[in-house]
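Some structures to go through are shown next.
Next come two complexes, and both contain subunit A; in the first it sits with subunit B, in the second with subunit C.
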Partner chain A sequence: MSFSIKKQGEVVVVDVEGQLIVGNRQELKQKVLDELEKGEKKFLIDFSQTGYIDSSGLGVLVSLSKKIREQGGELRLANLNVDLQTLFELTKLDTLFQISDTRERALESF
Partner chain B sequence: MAASRVAFDLRIPSDVDYIEGVVELASQRCRELKFPPSKCSLNVPVALSEALSNAILRGNVGAGGKQVRVRAIIDDHSLVFEVVDEGPGFDLDASTKDCTTDENITREEGRGLFLMRKLMDRVESFQQEGNVVRLTLRRA
Partner chain C sequence: MKELEAVLIAFREGTHCEAGVWGGGEGRAAPTAIARSSAKVQMPDVLPGEPGQSVPGNFGTQLVTRVHSVRKVWLTVGPCDPGHTPEDRHVNLLMPVVAQFMKAALEVEHAATELGERYEEINLLYTIGEILGRTVTLEEAATTILTEISETVGARVASILVHDPATNTLNAVAALGVPTSQIPPISAADPTSVSARVFRTQHPLIVIGKGVTFGTESPYGRGEMLSVPIMWTTPSGGQPLGVVNLADRRSRQPFSAGDQKLVTAIATQIGTAIQNAKLVLASLDQQRLQQEMSLAHDLQMKLLPATNVVAPEAEVTARVVPAESVGGDFYQLFKMRDGGTGVMIGDVSGHGYRAALIMALAMSASAIHAQITASPGAMLGALTNSLREELEQTEMFISVFYGVVDPPNGTLTYANTGHPHAFVVSQEGTVTRLAAGNPPLGMTDDTPAAATLGWEKGKDLLVLFTDGISDARNAADERLGEERVMETIVEHREKKTSVILDEVFAMLGRHTRGIPSRDDLTLVVLRS
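Let's look at the complex of A and B:
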């Protein structure tokens, strides 16, 4: 499991490879916060290579969303598979985040 | 009553880095038993991950030297996981919060037990040589 970060235009794109769970959520949080501190405002997390997310992982997304908004930025999500969509629906987090089917649509939405 | 058998019985150190390996093993057993794919890729991984992280971080309070036992018991109709920690236990109903309310949805914590109960057919917590959380997932 790992996170890769790259810039596409003005958007910082984070790929979550593997799981987003209690054992690695702090790593994701720190990587995004580091970019936020550098002045980045637009963030996209792409889950096309993600297995499952636990409650700690969901919590980190909520926390990052708040922190990014506080700095005048935006966090968007893309490429949730059917299982992840179910997870977001169960927790109603699909109402809290702007979620796109593809990375391209998400990038266009900023 | 259907005959049951133990699919695995492990003791792991109280360390969250061990969760992923146990969850992978559990998902593999789920697939071998030909449970519906989403139960093996969503229900089992997330619910078991929650039970294990609760046991490690809350039951054993992250203390080194302690262990968590996890057993999987299968029969024709269901897959049961028992996660045992060395803590005093907790009141399952009182500890489960509805994380979907306006008040709770923006909180970072508090989705673990909610998800366990949504994703499993039955969740029980009781004392028996430690604090046991038992998760039951029916095939259909």
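Let's look at the complex of A and C:
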């Protein structure tokens, strides 16, 4: 379980490897907030290597999305696997985020 | 000294001269006879150093010589039988024999003393082992241990200081020769303190008395001092817990390497005792915590309504199994006017105490709103308003399904905020998902939308469960999946709701095979 952060153009891209759960959600949150504090505005979280997100992981995504919006920025998600996509649809979370199938499409959409 | 006496008697027979061996007492005490050839031999008035000298006496002249290489032992030859005088050659003859004998005798004496000391040390270690074995708290044992050590090494002042990680100070738990209250806490970082240095370096220190300033220990660090770290040794290495200090030696001699070794051995035992005492306390705390958690579990289960509150209009079976002693899953049942039944299932994000607190708030707020708000959408909207502040502060949210079954009118009206698993199963086995219209409570400020569909009185089943059930993992980390839950329910749909619920949990048990659940599990089945 780890997060890697890199910058592609103007967008901060975060890769979540493994799981986003109660045990590591604060680490993700802090990493993204640190970038936000540095003045970054555009964020993409890529879940292509993510197997599972638990409810506290979802909570962090919602809270990050709010905080980024408050600073005039945008958060987008990409590469949700079928299970995660179903979870987002069933819980109507898909209405709260801009979700793209691929990283390229997400980057283009900013 | 019978053997030496025999030598001297043989000497007299051969030389016609008496002989005696004299040894000095401790300190300034006068020398006494160690062996002599007969009682006629008297101690000479003068005991010279080497070389020997002739001393006149009442019975004749004696040649007095100090015995080589043995401290404070003299050989006298004379007086002699008439016609004989003591001669240097007599002395030269006897001297090597006496010297050899005395050296051997002294070695035996030293060995005996050494043995005596080792015995005392072994006895001390044994005693301390026994003291520590009998007691639970260190304070009880510390003073007794200090008394035993200071007796053995002859120290008038002794103290045991234990490190407090919270303040990073060494604090006296026991002291001898000085009141514990006169030993102020010593900062472990104190550069002048002997104890602090020993604690930091984890190495014992022998301080030779003269001209040393003891820093913080000056009130009690008189004369010589021996300071030894108290260590707790673990497989991953040693950890210092405190310091044993001994000072002001009766003999005024510096502490020896042997003393240091002995006190180090005792300090290790004290270290084990300190650690044991900590573990006992931690274990008691743990027991208390477990009792409180089990109490909290019981309390939380009592918040959930009995399923017969909605009887006879509705037949409901529900079960909540928290992953920890308390959890964030809940259900709620309301008897509505005109034969209707309100049923709610909720899953607070996360689990444990924080989730349980939000759950309790949601339970009580929903009970109030359900009485005054007929529409499920408006009811969940009111619930959001009640919990908004709490949810925002804690960054938590709740997925909630709330439905009102109205058999007389043949309808089910529901609002679903982010709850993924809500279904109606018809008598024919058709499964209809009651999808969420909005994200979970706490994520948005939208007013939850409501929907209505038909309800077959006494035939349709309302099935609600949380993702703890569908996400339950087996040993190979495979999810149980929503489909298998619904297949089981469809298969047993015409049985009593309690049977359906048992079948689902039995199937879940066959899947997980004892792997503990990481999320709360909740299932509600209703027929009305």
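For the reader, a short list of remarks on this structure follows.
Going forward, the second predicted complex is superposed on the first by the 110 of 110 C-alpha atoms of A that agree within 3 Å, B and C clash if a C-alpha of one lies under 4 Å from a C-alpha of the other, contacts with A are read in each partner's own complex, and residues count from 1 in each chain.
Here, a residue touches a chain if its C-beta (ideal position, glycine included) is under 8 Å from a C-beta of that chain, and two chains touch if they have at least 3 such contacts.
Because the structure is a prediction, the values reported are computed rather than measured.
Contacts of A:Ile5 after superposition on the shared chain: neither subunit B nor subunit C is touched.
Using the contact criterion defined above for the overlaid structures, shared-chain residue A:Asp54 touches subunit B and also reaches subunit C. In the superposition on chain A, A:Val82 makes contact with subunit B only, while subunit C stays out of contact range.
With both structures placed on the common chain, the touch criterion links A:Gln19 to subunit B but leaves subunit C unconnected.
In the superposed model, more residues of subunit A are touched by B than by the other of subunit B and subunit C.
Contacts of A:Leu33 after superposition: neither subunit B nor subunit C is touched. On subunit A, the surface touched by subunit B in one complex and the surface touched by subunit C in the other have residues 22, 54-56, 58-60, 62-63, 83, 87, 90-93, 95-96 in common. Listing the residues of subunit C that touch subunit A in their complex gives 347, 349-350, 395-397, 399, 417-421, 435-440, 443-444, 467, 479, 519.
Residue ranges of subunit B in contact with subunit A, taken from their complex: 16-17, 19-20, 23, 38, 41-42, 45-46, 49-50, 53, 57, 99-100, 105-112, 114-115, 118-119.
On the side of subunit A, the complex with subunit C involves touching residues 22, 54-56, 58-60, 62-63, 83, 87, 90-93, 95-96.
Contact residues on subunit A toward subunit B in their complex (touch as defined above): 1, 19, 21-23, 51-56, 58-60, 62-63, 66, 82-83, 86-87, 90-93, 95-96.
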